[in-house]
Every structure is written in structure tokens, then in C-alpha cells.
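Here's the structure we're looking at; comments come further down.
Chain lettering (A, B, C, D, E and F) follows the sequence in which the chains are written, and residue indices restart at 1 in each chain.
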């Protein structure tokens, strides 16, 4: 065990945890103000729910000793034997519990990413059930395939440094399945749904960028030259992504936008994620730039094809993830990471690229099909979508009985009659506020 | 001339604007307001206690029109704003003695 | 000295420092907009004031060589001899100055926690005096008793990993004393004081959760297996607390709220704090869950008993701290930390639990009495409470001549006549804005 | 190579990166709401632009092998040879790439600091060009002089631990040059430009304070006693600065303000920056306090002398930087850092102080002249300033076609006709919104 | 019918609502406004410079009533809003020619 | 008495306040509103798509005055608010039957 490595992974875990509130703000700023809390809630609550589920069952399915290349066994159920000493197969220089906790943070943010797609119309109960089940039947197996010793994609030799397939393509294609099942928001295509607070979205972007250093550099599982290289690549991916999207905006609309720069940074981060530990600085810039440009174009597809992906999870995470996974096959370089491989431009031929295609294809197919079926099931039981009246009112009031902001000068007056906190409360019909 | 003031549900603003345009009215002034009336506000929960909010958010429209357009305007608003449920709002009409367009100084119906 | 341990504690110190702005936002979002700056100020200014006082006098009283089990002597006055080499008695692998700085961050946030109780009605001058004196006469002795070599509670064998008694029970009971002295806000009990910006409260929660990793894992004073274990327990406490409070909300109001989830996370963090380095993952979940559920119930007490604890410092920090301190006596396990003890369920019998009761009882009595007396004194001299007119106006304008937000389209016009910056200013009566 | 040191510098790099979004919010909260996005953009976009330029050209000019004491050669062009092993001349215990990345974060925030001066009236295109060129012709040489082996100011023996001259005086004097070239905002001197969201400014302050630990303690380039000492000094500089400004406010206006406390913290941080690794805790308090007091007075100069430095970059960064650089010559102490020197009060005589004067003088002259010329050039080509109509409309709409906030109840209606995303868009004259 | 418009201090809104309810008035429309008048605004401090804000925040009430209720309404507002200090605000009364309830189409006093 | 209502461009508020003071008018009530009219709103860009906003932000002034001051007030507003470009806004004048100052109970012109 190494204290420097341990210090680094503990801090990296904290950074990745911080990304989820960052995502909550990134998404929250983009919806209409009547939906800001509901949107934030769908990220924040994942911190609670997934943390607990990960300990109980998720981790062992993902990283328990391999069963046939597809899933982990139940040795680590309830974090049994996940202790203070290293598990050499997983990470030799840090406590096993530290590795498991680091992975927990990835498991939290991945389902949270999906929520951007069905923002502004999802029932909270449906979301909770979906997140819990999706973690177990989609995320845990995917993580096993790609990252666990014995996982079939890992064995195949496809590369995914920090989650291009497991996190981004997985969440992105699940998002597509989700919007196909759930349908469009009232008013989609007729007018714009203008972001209600872009400063919140920028803050979220800043936190995501900051936390992503833990996500990518932490995936080196130690404080070493590889971590340093991945750290740099991460920053360059974000930076070049921001520049790329800004250039597209500037060409198309004759001006750059802050939402474009923020979106571009995230797109660049998504694209660099699978490649971060396999490429040098100049390829990292290229990957970020291409990610930014392609995603800037891809977010327009929803208008053309008519699916209502509210906050562009498909356009950014699916498309950005694809860009990154495939470009890893192009730019990966053994000179940067000898545990990696040489991609097309490093003289490795089409071998790696082919494996990347297989990994991507398997992820797309598996995640789309299982997610689609899961959502159909939930729709038929608990239900996925708020009523039209609730959608008009906003999910904050309709689903959570709260409002995001209350700035009025005479705000103290906004509520006058307190129901007796315990007893009387139940008499007021909770749906009363609907149809404002 | 008259001024028609209407207090309606916020999410009906777009429909009302369309019915008004249908009636040939292209100008109005809109304010976010809070309405107190038969319709009670929503319920909020704050750390485990439920509270009744007294008001409902509304938007208030002001439209200055020539006397002979008043009925059309009222009809357009009624059509656009109605949901047949409590809290749809009210319209009231008051006299206006003069209207001036600031840019040109035009007065009376020409200023609309 | 170990660079990995040092790196970890330096970063942990930064994380704990960041909790105080996080707390400022957590609290700030819950008050009415006319009081947002005053509320934030009472946390932010503690960063300034307490940092300086800690160096000058606080640290030596808390961690200077023991005098009779009750207080430290003056050897470290002005951080004399607090240097770049380790002090073996306090922390053997990191610079002494790093330990002292880490402790400084705890000393800052503790009085800041109290301010939530008297939010929206406290005079700034009274707050400053209170914070300075409370640090010296309440916090420093408490820290000595529990954490310093020779401190009587430490010698007794009661366990408090990261501040259940010193920070949370201490701040929580002081909060109760404070609201008894200061009295209720105008309008308490008649209507609700609706939070003006829950997105700010959620952001604050995210920062607190993030920083709490430094608070708890950092209390291992090194980057080791214990830190990793405490890190995991911290995350699980927060997560389970959020779930617990959400369940109570869902049962009582038929819906979960974002404020409930945020409050539950904090309650879970409070509850896990004393236990973080002594329990495994499943007990951590239990402690967080119980913390969340009990605190969700406890915040209703103020309505029943009629004390106006504005932002529920009693309901969350006092009650959550009690839950955690006592459950430490139930769940502590030598298998997790051999410097700890076995609690009731680990087969240690009632011994530890008894000690925890003594520690808790002493904290409650000492902190309540001294805080009460201190506030009475300040009330009689400088004064504690703003005038009724100022309370109606809001403390932002009344105490700081500032407003939180200025969104108006024609905002640039809001002020037109600039008093000559230097001279003329004094002529405008500062109280003019009162009684809007 | 040392994993503890590497862990620390990686995290420190992340912290410094996070300062730039923090700065965006610190500045963003202080402008009028119609300019909030444009202001934020000028910090956020620097993250994108400067990161890329630093790799391509900036780093090698600053830290490439010395050419005549004035500039680095092109050995590190495109981060060639900037790899996973340490470069002993620059930092012996961490990967070279980690050092270069850490320095990148400094290069990003420095031009971002300048933008506060010309906020609310700068063209985005002019800003982009200015930032790119300024990085290369002003920042890179300055960094070389002060920090690179062979740089003439470093060789002279002047001390600048973490960027008092390179970052703060440099940005501050460039800010002065900028406002002289660009001119005043419409309405300057007639009324106040009231900050539209002080809670955002406080959040920004919290992030800056947090990140500054990376900035200053990270400049020790390892997790050692020096880092611990610099960490403490940083916190004390901020704390004492906040107290200092609050005292000035309280004396002058009979009340303290949150903006004063926030500004004082930043002023204290600026002042302690050059000294952080050379002074003990009591001198750190003195430097912070003096920084806070002097800057509180200095921000009034713009009204007296009539230059419109929108957000007080001159008053805080130039003046605070001067205070810190000179007081380093007074308080520096070999007992704290043997690689430093003894200042006036440590018995070192006037020698160090003299060198500090030379360093400061050279920075002032070089940066002012080159910045002034650069801006004149850009003004004559691309243009620096928005039109008066755009200034009235606000730069958010005029330069970025976005608005910061959209809180209206009927907000979903705010835009109704979506131009066909691809084709039709170009027909709507973008300037239509002007002159609201 | 008449419309009674009142501009009052924001923190008096709750009291006025109570006195109005006492007078049997249950409907009104409320707007946040800024008032310019004898009462000057507050003082703000911005980085060491003091500024006088020109306006004071106010709320504006609109109540449409039958002619014979006007005096009661005025009395209720005056009672509820008064603090005997400058800036308590003003009430003005204008004619209303017609009122319509959108939901039902009722007109005149029945629409209130 | 009359009430003069004006809808103007927000950035002209300061100028209008000055011209009104020049005309001896010291009281008014101001509301932030959204205006629909000939002047179209601005264009916003949202992730690569351009949208036309339908309204333009405006401020609405209400000034109650004695009958013989109406023309001065209209003139002051017109002078202060004019930019000679579309969207400068409108003024309309309606009758007021009574004005009351809440603080003193004064009525009529004395209440202004």
C-alpha cells in the first residue's frame, strides 16, 4: 500500500462525488424554473439511493470474482471482505475499500446522466424505481464487462480508460430509449424551452470539469505519471471541446454562446474519457475538438428526428462517447501507457479500432434493449410520466410541493396558514396547486 | 377608447395572444401578478410541515382599444383563457380619455 | 513524516475550509431573500475571525500541553513552536503546522453552525462578539477534553472520531441556548418562512457533503485504510440519511422533497461523524438512516415546544449528534479500528455506551450553561437582536446596507445619487431604509 | 518521483483550475444582470483558449531552457519531451507533465483576472484576440523572468512564491492599461452600478479561497513542511484581509458589508501570494490585514482619478500585489524557507526589499507598455468595445444572444417562434434586440 | 362599478388582506412595484461608496368592487396599511364599466 | 383627477424621471412589464437554434395628477422617453374619481 496513491484516490473519489451535485446544477439551470428542483432532485437523490445499493449488491455484481465474463459473483455482497488492505487484482497499492468507493461514485453519476433526457416530465416514483433497477441490470454488468478482471470486453482488449462505454455511451443510449418510451414534452417543437438560469449551468460545468480530474486521472488508480498524463489530457479535452463548440456557434450564428462553451467543455470531457490514459497532449486536443464540433452538430438531430431529449444527453453523452471510444482506437499510443495499445495513427493498424467497434456495438445493443424493456415495465406498473396538468404546473410543485425561488418583496406573506404540522396536513388535497 | 384589463392563468397567455391576434389586436402590456380569489394557492411542504399558499400566480394583460373593438377583445380573451375551472380570471373595462404614441406623438386610435 | 499523509491532510484541510462557504449557502437558501446576505455573512465572517483567533489563542488552549485534563497551556500561543516537523503526540506523520491548520477549520465551522438558529434577527456586532468569546470559552475547552492528549473525555475512553460531541452536539445545544435567549422571529408560528432559494441550499449541501470527506476521513490524520473506511462510512451516512428523511417525507406528506433529501444528507453526515472511523459499511448505513429518520421527526419539535430555531440547528445538529454519539457506543467495532473499542453489538457490552452517555451529558451541560450566560452578557452590553423595524426591513439592508439580488430590467437605475465616496457619506442617516 | 508529492500537485492543479470558474462567479455577481453571462464568459473561455495555447507555445516560452534570461527556447513546443518523468531543474519529485499542467492553471487565471476591469463593455472577439496575444507576449516572458531557471528576476534573487508579480501585479497593471484604452462605461460616475447577485460573488469568493490553497501551497511543488506553512499563511492572509476590509467598512460606513468581507479576503490572498512560502503565521496575519486595509482604500481611487475599472482589478490585484511583493521584502524569513531570504524585519536589511522593488518596477513597466500597445493594435483592427446600443442592451444579448435568468411565471412563453434550426436562422438580424 | 388601486408597504399586505376579508372582500390582484415619492429609498453601500436608492419597494393592489362597497374598501385598506409614517402609500378610485368572469361569462357585480 | 399610464423602454426611466421632476412631479409608481407591439423582441440562441422572443421588456409608470397637469406630464414623458425608434411606447389617460393618502387620510389633489 502506498500513502500517496491512497491520498490521491481518496481525493479523486471526493471529486467524482462532487460531480453529481455539479451535474444537478448543470442540468437544473437548463430547465424552466418550475422544474428546477425536480431536475436537481433526480441527480441528488441518486447520491443517496445508489450509494446504498452499491454496497448492498451493485459492487459485487460489477467487481466480484468473474462468472463467465458477464457478471461478478456474490463474494462482495454488502461489502463483505472489502477492507483496508489492497485487493491486488483490482488495485494493488490502495485499500480495497478505497477502490470500491471510487467505483461507487461512477455508479452514482451514470444513472444521473440519463435524467437529463426525460427532465421536466418524469414522475419521481418512476425515476426512483428506474434508477435502482437500471443500476443492477444495466450498469453493474456493463462495468463488469469492461473493467473487471475476466470481463469479456476487457479480455477482448478494447480500451476504455475511465468510462467512455460504461458511463457515457451507456447513459446516452439509455437516454435515447427513455425518451422514446416517455414521449415529448407538451410544446416540444413549437417554441423554445429557454434555460432559466445559465449561471447555474456554468457553475455546474465548472464543478464537472473540476471533478472530472478525479474521474479520469483517478482512473490511473495511483498518483503516478499516468495519472499526470490523464489529468492533462482531461483538461485539454475539455478546453478543446469548448473551443470546438464555440467555433461552430460562431460560424453558424455569428456569435459564441456561454451555453455552447459549457456544452462543448462537457462534450470534450466525454470524448476524452475513454482515451485519457492512452493519448498524449496533441491527440487529446484533437479528440476534444472533434468531440466539441460533432456534438454541437448532433444536438440539432432531435429537432430533425423529433425525439425530445430535453437536455441533450444523446447529443452530448452518446455522440461524444462514440467519438471518444472510436478515436481511442485511432490515437492510443503505447508510448503513453504500456498497458494500452497502439491505435491506427500510432502504427497499430485497425486492430484496436475493430475492438473498439465491438465494445461500442455491444454497449449500444445491450443498454438500449434492456433499458427500453425496463422502462416499458415501469410504465405499465408504477408509471413514468406526470399528468399533463402536473407538467403544466411544473414538477417542483406537482411532485415535490416546493418551489425553487421566492424572491418577492412581500415573500414572507406568500404562505399564511400553516397546517398543523402533524395532524391537519393530510386534509389539504395535494393536487390542489395543479393547473395554475 | 377603452382599456381592457384581464387577469388570467399564466400558461394561457400564449393561447390568448393567439386569439387576440386572430381578432386583429397586436399590442398589449403584460405583468406578472399574484391573484387572490376563490381559487386557493397551492400547497408547499417545508421540512415536514405543510403550508397553504394564499395566492395563485397570474398574468395581467392591458389592452387599449377603440370603443367598437371592446367586444371582440373580450371575446378573444374569454376564448383563449378559459379552462372552465375556478381561477380562470376576470376581465374589466374602464374608460380611456386619450392615447399617445411616444415615438410620433400621434393621438387617439391612430396611436394604437 | 510521510508525503502521502501530508498531501492528504493538506487537501482535507482545504475541504473542511470549503464547508464553511457551503454552510453559508445551505443556510442562505433557507431564509427569506431580505436576510440572505446577513445569514451568509455569519458563516463567511467566521472564516476571517476564527482563523486569526485560532492562531493567537484558540489552538494553544485546545491542543497545548494538558493542564489538569481541562485545558491546554499557553505553549503554542501565536502558533509558537507549531512548525514544519511533526508533533508526535498529536500526529506523527505530518507537519505539526498541518495538524494545527486542519483543526483550525473545525474551529471555524462549529460556531458557524450555531448561526442557523438565530438567523434573520441577530445583530452583526453581537454575532461577532459571541463568536469570538464562544470559541475561547466553549469550543477550545471542549476540543481539549475530547481530542487532546490528557483531555478528560479522551482519557475516559469515550469515542468521537470527527466531532460528534465537540462540533455537532456542542453547536446544537448552544443553538438551543441562543434561541431561548434571543426569542422568536416576528411572525413565528403564524405562517411559514419559506426558503427563498432552494437551489442554493442544494448547492450548499453538495459542498458540505464533498467537504465532509475531509472532515471525517481527514480525522484519520493520514492516507491509510482507516481514512478509506471513514471515507466510505461518511458517504453512506449521508446517503442513508437522505433516504431516511425522504422516506419520512413520503410517508407523511405523500411526496419527497428536495429540502428533505438535503436535510437528510446533512443529518446523516452529522450522525456518522463521531462513528466514521469506528464502524463498517452496514452499521454506517444504519446510523445514517436512523439519523435521517429521527431528525426528520425532530425538526417538528420547535413548533410543538415553541422555540424558534430558524434553520433547525437543534433538530439536525443536536439531535443528529446525539444519535451518532450514542450509536457509536452501539456499533463501534475493534475490527475496523483497533484504537477504538467494541460497542454493544460488537460484543463490547454497555461499557462504551456508558462512556458515550457521560461525554454527551458533560457536553450538553457545559455548553448550554456557558453559552446561555455568555449570550445574556452580550445581550446586556452590545445587544443581540436587531430592532423590530430592522427585522421587517431585513438584516441585509438594516445591518449591511446591501441587497442580495437586483434582477430588475431597469436595475441600473435603482440607485442614482452617489454620495461623495469619502466625505458626504456620513450625512445620510443609515437607518433611513428601515420600515419599508 | 514521490507519490505523495505527485498526489498533492495533481490535486493542487485541480484546485487552481477551479479558481477560474470561481473567478467567473466572483466577477459575474458584481455586474448588472444584463452583463452576467458576458462577464462569466470572459473567464470561462480562458480555460479553453489558454489551455490549448499553453501546450502549443506558451509553456515552452515560459519554461523552455533559458535564452538570455528573457525567454524560454522552443524545446517544449507542443509539450514535446514534457513527460511522465521529472525534470529535475523544474521539479524533481513530480512528473514533468504535472509541473507543466500546474503552471497551465496559472496561465489561465492571469488573463481572466484582467477581464474584471473592462467588464460590461468589451467585444468578445476583441477579448479573445487580446487574451491569446497577451498570454504570449506578456505572461510567458514574465513567468520566465521570475520562475524559470535562468530568468533574470529569479537570478537577481527577488522573491515571488506563488505569483505576486507574475500574476497579480501583472494582471493589475494590464487592467489599468486596458481601462485607459477602452474608456468608461456609459453612466460611470453618475450613479452606482449595483452588483446584481452578491450571493454569486460570495460563492465565487469561497471557491477562490478554496482553490488558492492549491495556488500557494502547491507552489511548494511537494507535500512537505513548506507546503503546510504556505497553506496556513494563505488561510491567514485571506482571513486577516477579510477582517481588515471589514474594519475599514465599519469605520467609514458604520457597518460591515459582505462585499467588503469578500473583497478583503481576495485582497488578503493577493497580498499573501508572493510571501506565502517565506513567512510565518504572525507576519501572514499582518500582510493580510495590511492588504485588506490598503485595498479597501484603493478601490476609491477610480472615482477620484476617473478611470473606470469596473470590478476593481487595479484596486485589488495591482495594489494588493504591490503590498504583498514589498512586504515580502519586509517579513521574509530564512527560518521558514531556507531557499528564501531574510527580509527587513528578519534582520536581512534592505537588500531583499531593494530586489523586490526592482522586480515590481520591471513588471509594472513591461506589462503596462506592452499591454497598452497590444490593445491599441486590437482596437484599430478587430475593435475592443461594443457599440453604445449594445452596451445599453447588455453584452449577454448583444454579444452572445443569451440571457442569464428567466424566472417569469409565464416564462415558457417567452419565446414562441423557433427559427428552423439550420436554414432560416440567418435571416433574423442578430442586432434586432439592441436598444431595448 | 369601481376599481380601487392602492400602493402600500409590502410588509403591510398581510394586514390589509385581513382587514379586507373583514370587510367581505375576497378577491384582489397584487403586483410588486417600485414607488417614487416623498419617502426616499434606502441607502446601499458598494465597496466603500454609499448610494441613495431612489425608490422604495411597494405592492400595488387592484380591487374591483360594486359602487356601494368603495368606502368600506378604502376604509379597510387605510386601517390595514397605516403605520402613520411617510410612504404609507395612496389609494385611487376609477370607474369600471363592465366586469366579466372568464370561467362563466357572468357580467357585472355577479362576476366578482 | 387623472391617471397617466405610460409604457416606456426601461433604460429611459431615468431620463423620464428627470423630465418629470422638471415638471414638478415627484410621485409615481413603476412596474416591470413585458410589451407586445410592433417592436419585436430580441433573438436568443439556445444550443445552436435561434429563437425569436415575442416581447420586449418595458417599464410601466402610473402617475396620478390633477386635471390641469396632465398635459405637462404627457409632455415630460414624451420628451424623456423618446428615442424616435419603434417601441418607444404609449401613454394613456383615464379618469380618477378620488385619491386618498393613507398616512393622513387626505383626499383629492392634497393627497398627491
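Definition applied: contacts are C-beta pairs under 8 Å (C-beta built on N, C-alpha and C of every residue); 3 or more make two chains touch, one makes a residue touch a chain.
Everything numeric here is computed off the predicted structure, so don't read it as measured data.
Shared contacts of chain A and chain E, meaning chains that touch the two of them, come down to B, C, D, F.
Where the sister copies chain E and chain F meet, the same residue numbers recur on both sides for under half of the interface positions.
One inter-chain figure worth recording: chain A and chain D are separated by 32 Å, centre to centre, where each centre is the mean of the chain's CA atoms. The geometric centre of chain C is 43 Å away from that of chain E, both derived from CA atoms. Averaging Cα coordinates per chain places chain B and chain E 18 Å apart.
For chain A, residues that reach two or more other chains under the stated contact definition are 2-5, 7-8, 11, 191-192, 194-195, 197, 203, 207, 223, 252-253, 255, 257, 259, 300, 303, 400-403, 405, 407-408, 412-418, 421, 425, 430. Shared interface positions of chain B, defined as residues touching 2 or more other chains, are 10-11, 14, 17, 30-32, 34, 44-46, 48-51, 54-55, 57, 83, 85, 87, 94-95.
In the complex of the two chains, the chain F residues touching chain D come out as 9-11, 14, 34, 40-46, 48-57, 83, 85, 87. Chain E meets chain D in the complex at residues 44-51.
Considering their complex, residues 191-192, 194-195, 248-249, 252-253, 255, 257, 259-260, 263, 296-297, 299-300, 303, 312 of chain D touch chain E.
By the touch rule above, chain A contacts chain B in their complex via residues 191, 392-393, 397, 400-403, 408, 413-419, 421, 425, 428-430, 432-436.
Partner chain D is touched in their complex by these residues of chain A: 2-5, 7-8, 11, 15, 32-34, 187, 189-199, 202-203, 205-207, 209-210, 213-214, 217, 222-229, 231-232, 235-236, 238-243, 246, 252-259, 261-262, 264-265, 280-282, 285, 300, 303-304, 405, 407.
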